[in-house]
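You will see two complexes here that share chain A, one where it goes with chain B and one where it goes with chain C.
Let's look at the complex of A and B:
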């Protein structure tokens, strides 16, 4: 091959390599940037006076004097809104019956929109669910609700060949000629005074329990549950995996049984996690009865079985990568086989073993399927360490899924879901980072 | 020397007389009578079907330095590693015949290979310190054998490093990682590590082949220092080295022990034409 062709080939390989790295970086950005920007929104956001009311009465947090002056100030503006409502209700009574029916229906929608914005209106009964006790706590949500108040959403079905199109009709037009027509511009123009938006740093999102299925409050029970499950899985899987790897690499005689065990291990590494979930339910809960029903211990054991093959493989590779000369040196000094493994081989293999362990820890933290049937509940308070044997726990992975698909008001609490995603990604990232740091430290110590 | 006597090779060269004059008294006794520390009887080593060492019979005399020479792949390392049973690490490897250490069969049913290796230390071709501190490298063996007293360990470490002529170079950085030393220093550290276990036999498998000439000279000096205190066997490719450091020499060719004689005789008056061809460099 002449130099020219070789250079061209070299360059094109370089270009392909750089190209694929760029594509991957862009893909990563597309995934990570929304997670970060949306997730941070769970902690940093523009909160309304309703948020501060909620914090004060649900979590006993906040400055009561400042809050009562804020409430007084916003109530002054709200009083005018409520006054308009009373006026209109009186007006309704004077209307002709069919007009009355028509307006009553429209008026109910207006009331509902106002309830969503400001919480229960005067004269409303005390709501049962906490979520209805407060108005909009977040400014961007309040703006959405304002839109709902100002406009009626309608669907254009005129063309049956295309999907129905959404369009908006001003409610103010519907109330033309009544006293209520003033309400719409008033609320619109005085939104800030009605809700008092303020930049909020809600650190409680990390440390608080949730109130009313994640409507308010934080995700501490989920973070703690994830931590318990992942660490619990490691407590079982790590020692077991290292011992198994030592057995495979140092003691097992090559033969049928050994190759069967190894291929079983490889197969296990490829089994879908939902299968481990079913297995965990059938084996740990129904057969072994480690707990009556779902529990942290059952989930941790299931996750342990799931990550065991990875840990074994990583440890095996790390052990095999230890130079043969270390083993020879140790044995030639009169060390027994076991002593050589414990004092020379395992310490030298430690960086690799730990890396495998922490990657598995990250996987255990992130998996959903194995804990669906064995450990996870969607809503619950943080459990104590003493309860791990008997009680289930909320966990980030499962609650992300739950909020995305099963929660009855998923659309209203997207920020919580994004916050959980960001928390989970951060936890896994931190685990991996600590693996890298730990590995570097130990390698440095080994290399001198 | 003894070999001459046993093989009754006739008149001893003049060189031999002068060498014997410098032998320490206990070695003189050996040189005269000779006690076999290790002896092979029709000893073969196989890798699976392949016979790498073929029916070797030889006596390795106590406190002698014995060099093993021969072309690559002729079974030098295999023979050496058979003595402290390092070949056990290779599953396909097995032996026939007898290899005795202090009159006891090394491959006997009741031989404790761990105890054997404690008495028969080995230094490898490539320096192989542990990725631990210099101190921990040397203390590894003694700790293994039950010495845990810090003061005692320090004594052993110092004594071993001094014996291996490396104390002055490392005494101020015993807590530093041994992998930070130069190749020659690492090799002497490995010798010290082996000496710390207080072995009777020292097996050296091409200990200088990975080292530069200066480091090689230091290792050779070290062997001179140690001669007379240990039974030393050294595999080497370097004929000058063999003649400089050893008392007797074994020449292997394709697994067969072709000739075993005093170094002086083997290099000046080889009996076997093959030995002559090899030492004169006609093949290697």
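Let's look at the complex of A and C:
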């Protein structure tokens, strides 16, 4: 090859390497940015009067006088809508039978769309589920529902070779010639007066418990559950891991037994997380019977054995990084080996050990698979500290899965899911960032 | 602890130590040490327990149903009466997404590791490492959520154009390089400089046209592809590769760092460029370490649960044709996670135990590959330190 080609190859080799690092950074961005932007929407959003109604009656929060004046003003506009409905119902009775049947089905759709927008209409029975007691609490959702009111969704199946295409037909055309035709432009033009949108900072998203399986309210039970599980796992794993690391670094002699123990450690680190969950179910719950069925303690124990290898490795590295001179100085002053470890080496290694602990804490908080069978439930209120031995808990990681994949109305509560993901990701990334900062400070300190 | 009180005695009367006290101290020291040993061997005990308890619940399945059905049939109807427990399609699905993620993650991961260890200056490396750590720290359920809510609809609605752009962006630089290298290699034998140059330019133009034609042809074919479901093997493979990348990068970077400077400098002294040095000397010397990194990364993809459970479509079928990454699949981990909730009610049935059989399979695969990668690392360290 001539030298020019070799140079080009060399340059492009560099470009491939840098390119793949850039791709990784971009991947991180692509994953994190939608989570952050949409997740913030769970706390900061444009709320309607329905949201304030919900807050007042479910959480007793808000200014009752201001709320009642708002409700009165929006009701004034809504009364006109409801008046049109009663007018049309009267008109319906006068129609010819076959026309009546046709319009009745269409009218039922309009009523359903209006219920979704404004909550129960006058004359409706009191709904059983809280989610039907209020109209749309968020402005952007209200706009979607307005579109549902104005247009009918249809599917174009005419060409069998391509996928069916979605298209919209105006409902107003369907009601041409009846009194109801006025309703559509009226609702469209007076949306703001009907729902009174207002910028809302809903801090309760973090501290409230959920209402009607996350249709309204916040995620406090999940945050608390995650906290209990992760901290519980640390309580078991951290002391064990540090002691084991002391043994490996200070006392273990090279040999068959030691290499076996090390192999066991790396095997444990490589076990798939779902297998930890099965083990937790088979051992802690079915065999040891630490609790009747799922419980926080069983989940914490399962997570503890999962993060144990990480803690041991981090603690070992931290202990090995302590300069030899510390040890020698302590020993030369006549203190015993144990004394040296407890009073000189461990304090010096402590920041490094804590760094490993923080990273493991983040891992325990984020893991889902081990707690599916051992600790997590999909619905439930926040549990007290006394219940950790007996009762399961909702947890952020599990509920993200549950709301996104198994909830009956997953598409309607995307904002809650994004909010939960943002909460989990920010907890984990905060922990990791603090670990990174801590480690940078340690390495500076050790360098002197 | 016992050892510590011995130490304090030692300090108070430093020189006068009676024989009885000395034996006490020895006993205390031994007791302390064995307690430490007990804690350290706790990990080994846990590993044994995991094997025992998963195997204990897995064996009844093989007793009831035997091995043949599990490994050779792809009829997975555990809820029927009598149920069918053919896991072939599920095992195949696991292997498929693992292979797919490896195809993406291994070249990228190794390239990034090379870049970090040999190419980038230290100041940039300091910022690149935390990015990789962050990628490793994001919980799997967040990746799964992203795959399900963001990536799957994107693939489903704009699958064809996305595939085409990916093809253009990823492949065209390499094709360009291949054109340059190929035309250079083919004309290398011609001695007369003027004819060589003419031939070189002619070949460059010829190959460029050919390659543009090829790129364009494949691009239009890809553009026409309609992805029927966004929750498919491709989606999962992409996300799993992101999750495997940090492991591959950090472990193989360690392996490359372990290759000494002397080897690199020897190669430079012989006139090799940096790329040639890395490809022909550093990579072969660090190859076993990189292999270990690849194994560890692949294991992460194979053992991952949440992403595949949420975004793989969970349909127990071998895609048609077998390499079709655009169809839904189902994996071992997702089956365990998804079916345990229902099977738990009927403890003792084949339906419950088959899940443990799958868990045992995963456990054995991860154990064996861990042993292999550990062996490889140890051997490499020996070889490199021996030279």
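The criterion applied here is as follows: the second predicted complex is superposed on the first by the 407 of 448 C-alpha atoms of A that agree within 3 Å, B and C clash if a C-alpha of one lies under 4 Å from a C-alpha of the other, contacts with A are read in each partner's own complex, and residues count from 1 in each chain.
One rule holds for everything that comes next: a contact is a pair of C-beta atoms (placed from the backbone, for glycine too) under 8 Å apart; a residue touches a chain by one contact, two chains touch by 3 or more.
A quick note: this is a predicted structure, and the numbers were derived from the prediction, not measured.
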Taking the superposition on A as described, I'd like to know which of chain B and chain C A:325 touches: first, second, both or neither. first
Could you say whether A:384 touches chain B, chain C, both of them, or neither, answering first, second, both or neither? neither
Once the shared chain is lined up, is A:335 touching chain B (first), chain C (second), both, or neither of them? both
Report for A:248: first if it touches chain B alone, second if chain C alone, otherwise both or neither. second
Check the contacts made with chain A and report whether chain B or chain C touches more of its residues. C
Please work out whether A:18 is in contact with chain B alone, chain C alone, both, or neither, and reply first, second, both or neither. second
In the overlaid three-chain picture, which partner chain does A:344 touch, first (chain B) or second (chain C), both, or neither? first
Is A:305 touching anything from chain B or chain C once the two structures are fitted on A? First, second, both or neither. second
Thinking of the overlay built on chain A, is A:445 touched by chain B (first), by chain C (second), by both, or by neither? first
Which partner does A:7 contact after superposing on A: first (chain B), second (chain C), both, neither? second
Do chain B and chain C land on any of the same chain A residues, and which? 334-336, 339
Residues on chain B engaged by chain A in the complex (per definition of touch): 84, 86, 89, 91, 114-115, 117-119, 121-122, 124, 126, 128-131, 140-141, 144-145, 176-180, 190, 193-194, 197
Residue ranges of chain C touching chain A (in the complex, touch as defined): 1, 3-4, 6-8, 10-11, 14, 29, 32-33, 36-37, 39-44, 46-47, 49-50, 53-54, 56-57, 107-109, 111-112, 114-116, 119-120, 128, 130-135, 137-146, 148-150, 173, 177, 180-181, 184-185, 188, 226, 228, 242, 245, 249, 273-276, 278-279, 296, 299, 302-306, 309-310, 333, 336-337, 340-341, 344, 347, 355-356, 359, 362-363, 366-367, 369-371, 374
Interfacial residue positions of chain A with respect to chain C in the complex: 1-2, 5-10, 12-21, 23-25, 27-28, 31-32, 34-35, 162-163, 240, 243-244, 246-248, 251-252, 260-261, 263-279, 281-283, 286-287, 305, 308-309, 312, 334-339, 342, 359, 362-363, 365-369, 372-373, 397-398, 400-401, 404-405, 414, 417, 421, 424-425, 428-429, 431-432, 436
Any idea which chain A residues touch chain B in the complex? 254, 323-336, 339, 343-344, 347-348, 445-448
